[in-house]
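Pasting a structure below so you can have a look.
Naming follows writing order (A, B, C and D), and every chain is counted from residue 1.
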Amino acid sequence: MNEESFDAGEQIVSPAYIRQGREARRSHEQLIRVLLEKGKCPQDAWGEGTIELFLRELAVMDSNNFLGNCGVGEREGRVASGMVSRRHYRLIHGIGRSGDISAVQPKAAGSSLLNKLTNSMVLDILRTAGVRTATSCFVVPMATGMSLTLCFLTLRHKRPKAKYILWPRIDQKSCFKSMITAGFEPVVIENVLEGDELRTDLKAVESRISELGAENILCIHSTTSCFAPRVPDRLEELAEICAKHDIPHIVNNAYGVQSSKCMHLIQQGARRGRIDAFVQSLDKNFMVPVGGAVVAGFNDSFLEEISKMYPGRASASPSLDVLITLLSLGASGYKNLLTERKELFTYLANELKALAAKHNERLLDTPHNPISLGLCHLEHHSQSADMFLRASCLTAMTILALT
Amino acid sequence: MNEESFDAGEQIVSPAYIRQGREARRSHEQLIRVLLEKGKCPQDAWGEGTIELFLRELAVMDSNNFLGNCGVGEREGRVASGMVSRRHYRLIHGIGRSGDISAVQPKAAGSSLLNKLTNSMVLDILRTAGVRTATSCFVVPMATGMSLTLCFLTLRHKRPKAKYILWPRIDQKSCFKSMITAGFEPVVIENVLEGDELRTDLKAVESRISELGAENILCIHSTTSCFAPRVPDRLEELAEICAKHDIPHIVNNAYGVQSSKCMHLIQQGARRGRIDAFVQSLDKNFMVPVGGAVVAGFNDSFLEEISKMYPGRASASPSLDVLITLLSLGASGYKNLLTERKELFTYLANELKALAAKHNERLLDTPHNPISLGLCHLEHHSQSADMFLRASCLTAMTILALT
Amino acid sequence: MNEESFDAGEQIVSPAYIRQGREARRSHEQLIRVLLEKGKCPQDAWGEGTIELFLRELAVMDSNNFLGNCGVGEREGRVASGMVSRRHYRLIHGIGRSGDISAVQPKAAGSSLLNKLTNSMVLDILRTAGVRTATSCFVVPMATGMSLTLCFLTLRHKRPKAKYILWPRIDQKSCFKSMITAGFEPVVIENVLEGDELRTDLKAVESRISELGAENILCIHSTTSCFAPRVPDRLEELAEICAKHDIPHIVNNAYGVQSSKCMHLIQQGARRGRIDAFVQSLDKNFMVPVGGAVVAGFNDSFLEEISKMYPGRASASPSLDVLITLLSLGASGYKNLLTERKELFTYLANELKALAAKHNERLLDTPHNPISLGLCHLEHHSQSADMFLRASCLTAMTILALT
Amino acid sequence: MNEESFDAGEQIVSPAYIRQGREARRSHEQLIRVLLEKGKCPQDAWGEGTIELFLRELAVMDSNNFLGNCGVGEREGRVASGMVSRRHYRLIHGIGRSGDISAVQPKAAGSSLLNKLTNSMVLDILRTAGVRTATSCFVVPMATGMSLTLCFLTLRHKRPKAKYILWPRIDQKSCFKSMITAGFEPVVIENVLEGDELRTDLKAVESRISELGAENILCIHSTTSCFAPRVPDRLEELAEICAKHDIPHIVNNAYGVQSSKCMHLIQQGARRGRIDAFVQSLDKNFMVPVGGAVVAGFNDSFLEEISKMYPGRASASPSLDVLITLLSLGASGYKNLLTERKELFTYLANELKALAAKHNERLLDTPHNPISLGLCHLEHHSQSADMFLRASCLTAMTILALT
């Protein structure tokens, strides 16, 4: 309602009450204004009423909601089902343009704002969570694996000769496929057993580089979040190796935003060596439905190149979910979840240790892994790393109690 | 979003696009402004997006949605369930104050606007539908019968000696109960058979008045909408009798707004004689869920007296339903429904006539009843009115195809 | 989905997974079954998913949602606006029939179940909250005051000679109006000051009864919940007086369900004397939107008489709100709110006492009032009760922190 | 509600009414059963009530909605915001597994059914719309361009030597980028002017094949839907060339499902020659929000290979939108839209022709383009094809009035 509407309202209901209502409206507007001006996740949670008001405001700015609009093009945001329209808050145009997934759309100022703001708020959260020098990021409506593929495809244009990706082994199918799909040959670096932990074999990395030739290597593809007994890769050292040999470095940080240790590794890696991009899952770190990822980095122009590789406009659904979620939690609510998860993890580790003792099992001692625990039969203890891995996988319990 | 928010938006997304969005917002605001200024049902239907935007705007003006509000009173609009809150668009305070169901509430400027606007729009519709000189009306969250009771209870204070209500017979339970509940003695006036139609016995009315004494009669309680073979009461003549004897006149117009004939009768009655109030059902005339009625009349102060009889604040739910419905239809949409119903009624009458002929039945000839039709076995034709009524009731088909 | 659908599902998705889903469905069904069998508020809260599932199930049982249905009557549950339909979960038929607000409707098995279940669950809560011997109750979509009016109108038929209602004074407009609207003459019994408290003057009640004659008195209209310095009426003694003189007794328990003391008074009154009905507000005790009340009592046939006085079908909206709210809280959640409120009240009393001392004020000593506190200037202390009342009203703070 | 619940309901409400409700429920269940058994888009539209009921049923089968479930893994479908949960109907797990976007998920039987059913219904529509011999398809939550990229990446593994994609020129950025992103070199085949139309230069295609060598060509990338004066590619001839030289053939059918001509071309191409996959946009053909595509083909195993290339689980949002949309339209509703679009197109062409005549313009004669029209200044008529193209592009009007 604008000033004239409020004036008209004063003719119907006592002016004093309307004035109070107008004041109240201003306090909601104030929250929206600050969000738009700062582009940061608000410290305190917004109520659902304010979030809905904001989404309505965005929606009326999109051309499919223009009153009296009658388009005949193929990109008019027509929706056949009211149910579908409502569940998207009438934001139909998606994000990006054919040229760039981060670009604004002429027909959809509201959706464009949504896209830009979400990316900006997520960057704020990534920094708060530990990667303080990250300079840009964008949400993509694709799985982490497919987003990694997009990073590799972008690098191909910069390193036309490269065929190989160096990859410290991690037993998750989609990580492996992300390279295969992009058309590269993964060079698997087996991990080494240190105590109970499986850790990056830096020497093997160095020797494969000299063997294959740095210019034939597209990038090193490292991982932070993983299942015990594997622990996060030695990111700092890998980043230094990348810097030394001028090899790009892409980090799979799939469910690492929730862990200050994983984020710290990325921060340190970027500070001491080279990290071109780090990719994280939306659902696992932001508690939204499956299907989105965040590509982040320290170099705006490289991030822009990646965002320009996505051919076509994309679904705004994951961005909308993240926007709503961050507004409904607030930065403080998000931080509380991080703290709570860390406490629950310690609690669970202690309880599991006690439980294991009763069943002739043993909780693996994997202090470098902040998000997963493994149990092992005592008799397997003396076996080789490979056997060990398989045995522990059978009984592994992932503990990402981010709830 | 206010001007500052739009300015901030221009820093994020191209100013040209934001300007377009701002323009688009203005066109929604324009609709809202005109509604508030005129207080009339808009000619053209509003889209759901605009309606929702408007309801959000109303809600933020209610104190339960004030940011940072912390009330300790018993009337704070606290709601335990989010589902409940959402389905009422966060409008929780109901309508009216303990003193008056039409009064504004200090804590709820938005709900108060909702209440006033709905009443104003419904009055507009009642006038459009044929009662052009109606001066005020209000929605009550009570059945038609209970609303009639409220009218009778109001009249009691003006006619403390009166014990009787004169009531041309209509076989609907709630009409009868409305008088009993109010504590009065219904004096039933049997109808007379004219052709196939059962019509008001005006002579019987006059004779009962002289018999009982006008001052002992609370009011005449007449009816427009009814099932064939009964037809609407002779409202003009009844209104003249009321004027002559200074007896109040309350009209049960339960499902009569949909029929121009019923509305015309009320208009003519008020012009030529006396009608104190006419009451109609919300669900039957406005296609909303069961549970509300509209009390309308030609005398603001009497209507105000009725509205001041309701002890307590009342549910806003029926008002909200009517508001949404009228905005989503627009005056033109409502009028189209009226026209369509009339056409369907004629169509159905013709088809029924043909059908009846095949089954040794006969469609009753009840031209004065614009909303109901009756079938009758041919052999019953020669029998008395009383038998006739019962026979026809068994096969009566009501045709209020207001869809 | 029925068995055949699950079987078909097994052809599409692995049977093992479908079986798990089928099991999961059964656990929701189990909750619904127990609710229907016991008719009690479930101990544990239901999730929104289960509540919605249940409401959909109810809705499909109403004739307006029958597939292929084509009604031409005036009671078909037609709704013009999809927004309206959705916010009522497609339950359109309201509750009750023209004859009885508690009756089931032939066209609406789902709405009828909703109505019956809600009443049954509310009775369960009233008992749990302290009135253990209450035998029946029903929700009405009317304010507490209007519901009291309905009780008085019902009594009129049983006591045709009665003109007066004895009413220990309480300064709330709608209480007074509830009697005026019903057409009775309130006989105000001034309270007496005992310490800081204003309490029922039992002698005055007795003397007015002998003065006016018991048969001329419709009922005693007492009150539990009130603002300090008034305290709840001496219900036990009033109930005994009513029993002795065979005078009905209607209790205004507007916001008393939340207080074990108020409920205890009613229980004791019913045990030692006579209470015909007690009426409470829905919004104040069940945290739903304004507009409903619960009429409860100890005598099924009298309660039935009241429910049969409502002429017409009524809005199901308040019943739906209560149903959703109780399911989403569970009995345990509701009890937690009661406990929390009591604790907060004590906390607030202590804090106010300390605050008052600093400002030359005094917290009134009103131990019999469990829901309201009053402050008073020290110098007013020696003045008359009347002055005192007014002074304290100015600074009274109601503390119904049921949140 | 199961049988026991209905039995319990009969104790509360009249058994006859409950039986009726139970019957009504069965008719909804019947619709669901047939859908699951046939896997086809139902002929008649479903009401919103049935669709919501079905989605609730699917949701309760997913593990995140299991009552009493307490998962500690990283894939538990946890959602922080109720708003987000509700807008996805509590279907949180996305679609597919890390290995395959079409695979079922152990933790999400409901989401898996959703995925399979949607693909099955879309295939039904594609066949109905004209590609009668299509054997499989799947929805991907990616833009058409990105989906084409996925097809090219899949072909890379089958044709490791291939570097080139033959591409009859079409001036849309994302088509071009789809090849670049996949890392291939587009070989642009300029179109030839025939009358007003720009058509595929088949000779040029043949000569580039012999020049480059068939084994070095990844595929021919042809287009159906395009802006006038370009017309759909000569798909039959291209498909024959592909068959002859054993070159894969990927068709960009971005907005072609709506046009029987485009669909007929694909059907004929597949019958007479070779088409490996054809890709279409969801929003343009199914009137859902931007962000999804359908990859379809005639060879199940190739389609499976593509679906296995997507690394990770994917957003179910586009699939859910299509499912809701197709159920709410029904096959007959969808077909009506197709017919209406065709009629509107003819109408618009005629009106534009008349309008053009008044302004010294001319409607281009492009009978092979069923979805776009172009205007041209008369004086440009005699100029070269290249000039012509640019001039007409400036004034081109796309007419995809699928509304």
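Keep in mind that, in the parts below, a contact is a pair of C-beta atoms (placed from the backbone, for glycine too) under 8 Å apart; a residue touches a chain by one contact, two chains touch by 3 or more.
Here the structure is a predicted model, which means the values were calculated and not measured.
J.: Going by C-alpha centroids, which chain is farthest from chain C? Tell me that one.
T.: Here the answer is chain D, farthest from chain C.
J.: Take the average of all CA coordinates in chain A, do the same for chain B, and state the distance between these two points in whole angstrom.
T.: Here the centre of chain B sits 55 Å away from the centre of chain A.
J.: Approximately how many whole Å separate the CA-defined centres of chain A and chain D?
T.: The answer is 28 Å.
J.: Can you list the chain D residues in contact with two or more other chains?
T.: Expected reply: 48, 52, 82.
J.: How would one label the connectivity among the chains shown: line, ring, star, complete, or other?
T.: Contact map by chain: ring.
J.: Considering every pair of chains, which are in touch?
T.: Result for touching pairs of chains: A-B, A-D, B-C, C-D.
J.: Touching chain B in the complex: which residues of chain A?
T.: Contacts found on chain A: 1-2, 4-5, 8-9, 11-14, 16-18, 20-22, 24-29, 31-33, 36-37, 39, 47-50, 52-53, 56-57, 59-63, 65-68, 82, 86, 90, 104-106, 108-110, 112-113, 116-117, 120.
J.: Write out the stretch or stretches of chain C touching chain B in their complex.
T.: My answer: residues 48, 51-52, 72-84, 87-89, 91-95, 98-99, 141-146, 148-150, 153, 156-157, 172-175, 177-178, 180-183, 255, 283-284, 286-292, 309-318, 321, 324-325, 328-329, 337, 348, 371, 397-403.
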